[in-house]
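The first chain written gets the first letter, and so on, giving A, B, C, D and E; residue counts start at 1 in each chain.
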Amino acid sequence: MAAAPISITLDQIFLLLRDWLVGFLPAGVRPAAGAVLGVIAIVCVFPGLFALTTVFERKGLGRMQNRLGPNRVGPFGFFQPIADGIKALTKEDVIPFRADAAVHFLAPLVLVVAVFMGFAVLPMGRNMVLVDMDAGLLFFFAMGASTELSVFMAGWSSRNKYSILGAMRAVGQMISYEVPLLLSSVSVVMITGSLSLTKIVAAQNQYTGIFPHWYVFTPWGFAAFLMFAIAATAETNRTPFDLPEGESELVAGYFTEYSGFKFALFFLGEYLGMFSISGLGATLFLGGWSAPLSFLSVVPSWIWFFAKVMAAIFVFIWMRGTLPRLRQDQLMNFAWKFVLPFTLLNLVVTALWRFMGEGWARWVVCTAILAGAYVLMGRIEMRRKHFGPRSYRYAE
Amino acid sequence: MLGEGILKGMLETAKNFAGSFVSEERLTTVEYPEQRIPTIENTRVFPFLVYDGPDWQAGMRCVACQICEKECPPKCIYIEKSKDKKPDFVGKMQIYPARFDIDVSVCMSCQICVEVCPFEAIKMDTQFELATDDRFGDLLLDRHELAKSNEYYHSIHPAEAAEVDARLAHEKAVAEAKARAAAEKAAADAAAKAAAAKPEMPAVGGR
Amino acid sequence: MSIAATNANRADGWNRPPVIESEGEGELLEVAMGPHHPSTHGVFRMDVALDGERVIRLKPVFGYLHRNHEKIAEGTSYLASMPYTDRLDYFCSLTNNWAYALAVEKLTAQEVPERAQYIRVILAELTRIQNHASTIGFLLQEMGASGTPLMYAFREREKILDLFESLTGSRMMCNYMRFGGCRVDVSEPWLDATRKVVAGLPAFVEEFEALLSGNEILMARTQGVGVLKPDLAVNASISGPMLRASGVNYDIRKIDHYGIYDRFKFRVPLGDHGDIYDRYMVRVLEMRESIGILNQALKEVPGGPVMDPKAKLRGFRPKAGEAYGRIEAPKGELGFYLISDGSPNPYRYRVRPPSLINLTVLEDMCLGQNVADVVLIFGSVDIVLGEVDR
Amino acid sequence: MVVASPLAAYLLVAALLFAIGLAGALTRRNAILVLIGIELMLNAANLNFIAFWRYGPHPEALTGMMFAIFSIAVAAAEAAVGLGLVIQIYRHTRTTDLDQMNRMKG
Amino acid sequence: MSFVFYLIAALTLAGGLAAVLLRNTVHCALALTVAFAGLALLFLGLDAQFAGFAQILIYIGAVAILVVFAILLTRSSETAQEGVFSKSWFAGLVIAAGVFAVLGWAVLAGARALPLVAAAPTVTVQDIGNALVGRYVLPLEIVALLLTAATIGAVIVALHEKERTR
């Protein structure tokens, strides 16, 4: 180990640390202890990232709106999440009189646990994956699917019309967008030939010259990435798909009746969902922990992973700062009549890509099909819904 | 193409995001208690009473004519006239307010009292940080709390105060000339009183 | 589908909103939106009956902010009502001032000096721009744009409010106009500052349009939603941008030529569909026209007094009679109707508030729409509760 | 209860679950709960398939596993259609109580 | 048999019992998801990763959600005032008990013939995929057809009648 260059040591620093710590224990419990350490690391790192993200989000939104954002607590307001955390912890925990107390209590826990589980299969760096599962992608989606139940539990148990309406919307939306989310990942699986996330990253961690073989740089990959991003935004209830909690109509959606620490848990769950889905997107399309240019591989792999996740988070924030939200029926229509057909088409194109073999022909054909389909479907969508730019007349 | 407008909008916010770091013009907010934008001279918040000279009671311009009390739209001024008299800035004997209360929790900062006052005695303050936890006591200002010196008036509204001072000096000169003339006629008191106490319309717009 | 049919059957025009049938399980979800709801612009309540997410019934409930404005005005002098008019539509206090001053000037047959007329036009158009910008901002806020357009609108509004403050002493409660002119004269530096702000406005409108007008989500949300038919709009005496968005060419600036509006060249933008998008676009285009008017007015402000020297500020007694002064306020036709019996205070004082009257067609626009559209339709009406309830 | 073979333990669990599901399907009045009982029975069968696959002689043939996977897919379809029917019946009769669904006419 | 197995089995059976016994319909549905989760864990214990995850994805992610949606749409979340069990509950219970008795007897009687231990089969997702599009391609296609038919059928069944006649 001592002979290894510093860059590799840095790259594997967390693994080395884990092995060093586990080394103090008897050999029998070492694997279990290692796993526990990994879980502890995830449980510490991502909530920390969540705290950082909340302040970044508020400051970023502020900058987009020509404001300063939080600037009171600590230098440049960076201790704001601590203040928020203390506030959330010390606030009274209100449970509505008619609420189903047990379910009301369980809902945020189920959400956070389910979301945390998803991190187990994400490779966050070279060799840095908690459980290298053969069916990792399936596991991830299985965990993602279970969050829907907690949303329903929260909405139903609150016995509030806004809550139940928000929960119904959220669940309907999450189910609708889970389908394109899965299908857009399937094209990656088709090319890689594996559901294992580590294998998917390994397949992308190659370079032509200095340029990487990320899937996003292929026509089908770009289209799938686009659809994945749309579906992921909807899946995490972010703008422009944030209508389950659209405060102008539904106050706060399914967690209207939550306060104090349980509210904080929902908040945490939402952000953790953002991290995990961004991590998955980075893994599937952006080469996971691999460096964007070959000579940048000296930078530790986990830095690249987290950089990609944070870049995705920035796009989430950016969209939140720009876009209004859609309406429920439009959202559903968009999922079923635009995103889903397009992902299906993309699957066909992916197969075409796979069987056309190397060469420029497949680039041209795939790009043409996808771009043409996108433009055509967009045109049809706008025509069918009767919307588009208008011109206006004037009276003197 | 679907998504074009969205991208255009995203570009606009990105421009603002980057711009807020570069251009002061964009970032309009300030960090308030430490950083303040300079008050605009014409700003008006709540009224105060002007006095000349060092003693607030002796120099108070108000003669308790009660026009402001009558014209105040929300009726937040309460005046009690004094029984005795004291000399005003011209030297003429005038009654003065024995009580002059303004309930600033009711006041709506409309400046009508200032416009209708013939004696330049009531003016608008620029002090706006009046937050208090005693809603009834601390926001009901009596004449002592309301009394501010002419120097203070000069410090908050310099241009307007200079104009007022010039007008008052002119009035004083006129009054003194008149008084002198009247004294010569040995009917000084009555004539001078009539001249000074006649409430004249203040020139609208000329504060 | 059944709405159109019912609407067509009502040959008598606008008696009551159409009744639409619930198609679902027959059990309606009744939701009280407001008075403390994030998007009711104040204390306003809509009792909504929902079939799923479709609005079956909508009952607007207002009056939470009733302040007895008209009765108070009948009890005080003409001058003392002026600051109260600021508080009707607190976004546009200067146009409120103007409408009231116009009514009193008609009552007392007063002349307004040239310079004051120009100042009034400048202030009214600035008010219109900041009102329309903020309205669009609030509309987008309700659409979930997390306040970005609103903040841009406020950034620009701030500059205009600074102008108001440096002229009138107050940012929102200006209390500036008087019967027969304006309270204080504008200075040359103020005019220069105004010219500078106005020069920056086109860039702001461009920015706004780039951010919003082409946005597919905005178009999808607003086009074809909350349609107000021109005949219903006329029958319900809707006015302002809302009426013009329905395609009716009615702008009091063009019709009454009050003030000196006949001297300026400007056009009146009209919408063809009467939906939320048209209301949005008409406001944007009106902002552009207002900038044109401002440029013309600022070029040719004449000298002279700003107050009729014969005008009395207080204690005047208009001859017995009546007068109705109306202007094109940013929200619509704002009118003040005064009856004098020769005493120092009006015998009858009545406000024709555009906000309230534009709100009367809320149910017609909302029925059959999605509940999420209700807040949008409500926002596109552009009301201020201070004016609705008075 | 100690069973020597792990397979027997799985089978017993599956049998118990099946019986619970059956009892639910037979005794509940609410049509949706009857469907829940049926789902439980299907799942018990799936458990059997998987257990037999795991302890069977030819696990590499994947027969049991495939059965389970197909049965999961069929169960999803069954749930969708079943619940759609329940909702439609509810629209007609305003009830989900099976004891009151005694007419053929809607 | 390990402790973990008994724990999971107990959880599953408790979830199942609760699902058929509780009065509140939504609680029943939530208990059902517990049973599903327990079953998924049992599948994992049987080295059937793929089936386990598919179980979670489809049963918890879809079927349970469908059930709660149906409960809300039919307004049956309010606990019924009268009995929640049907009039013939006793007969049902007897039948269920009888079925369990037969099954249990069969298992216990044959327990001796059952294998004691078996090596964990090494099955990758790739194998399952190959099997699906190889040996089991016909069932796969049939299931696909079935799912399509079921989707269309469910949509048509649940559509409003007015819209259907239009």
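Definition applied: contacts are C-beta pairs under 8 Å (C-beta built on N, C-alpha and C of every residue); 3 or more make two chains touch, one makes a residue touch a chain.
What you see is a predicted model; the values in this text were computed from it and never measured.
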Exercise. Using the touch definition up top, find the fewest steps from chain B to chain C.
Key: 1
Quiz item: Chains in contact with chain A and with chain B: which ones?
Solution: C
Exercise. With centres defined as the mean of C-alpha atoms, identify the chain lying farthest from chain B.
Key: D
Quiz item: More C-beta pairs touching across which pair, A-C or A-E?
Solution: A-C
Quiz item: What whole-number Å value describes the gap between the mean CA coordinates of chain A and chain E?
Solution: 29
Self-check item: Distance from chain D to chain B - Cα centre to Cα centre, in angstrom
Solution: 83
Quiz item: Distance-wise, how many Å sit between the C-alpha centres of chain C and chain E, to the nearest whole number?
Solution: 60
Practice problem: Round to the nearest whole Å and give the separation of the Cα centres of chain A and chain D. | Solution: 34
Quiz prompt | Overlap residues in chain D, where contacts from two or more other chains coincide | solution = 90-91
Practice problem: Two or more other chains in contact with one residue: find those residues in chain E. | Solution: 50, 54, 62, 69, 73, 75, 160
Quiz item: Which residues of chain C are in contact with two or more other chains?
Solution: 25, 148, 152, 155, 211, 213-219
Self-check item: Complex interface listing, chain C residues touching chain A
Solution: 29, 31, 37-39, 53, 140-148, 151-152, 155, 211, 213-221, 223-224, 249, 251, 254, 267-273, 277-278, 281-282, 285, 370-375
Quiz item: For chain D, which residues are in contact with chain E within the complex?
Solution: 2-13, 15-30, 32-33, 35-37, 39-40, 43, 46-47, 50-51, 53-56, 59-60, 62, 65-66, 68-70, 72-81, 83-88, 90-91, 96-99
Exercise. Name, in rising order, each residue of chain B that touches chain A in their complex.
Key: 1-3, 6, 9-10, 12-14, 16-17, 19-21, 26-29, 31
Quiz prompt | chain D contact footprint on chain E (complex, rising order) | solution = 1, 5, 9, 12-13, 16-17, 19-20, 25, 28-29, 32, 35-36, 39, 42-43, 46-48, 50-51, 54-55, 58-59, 62-63, 66-67, 69-71, 73-76, 80, 83-89, 91-93, 95-97, 99-100, 103-104, 107-108, 110-112, 114-118, 120-121, 123, 127-128, 131-132, 136, 139, 143, 146-147, 149-151, 153-155, 157-158, 160-161
Quiz item: Which residues, counting only chain C, touch chain B once they are in their complex?
Solution: 76-77, 79-84, 86-87, 148, 152, 155, 158, 162, 165-170, 173, 175, 178, 181-185, 207, 210-219, 306-307, 311-314
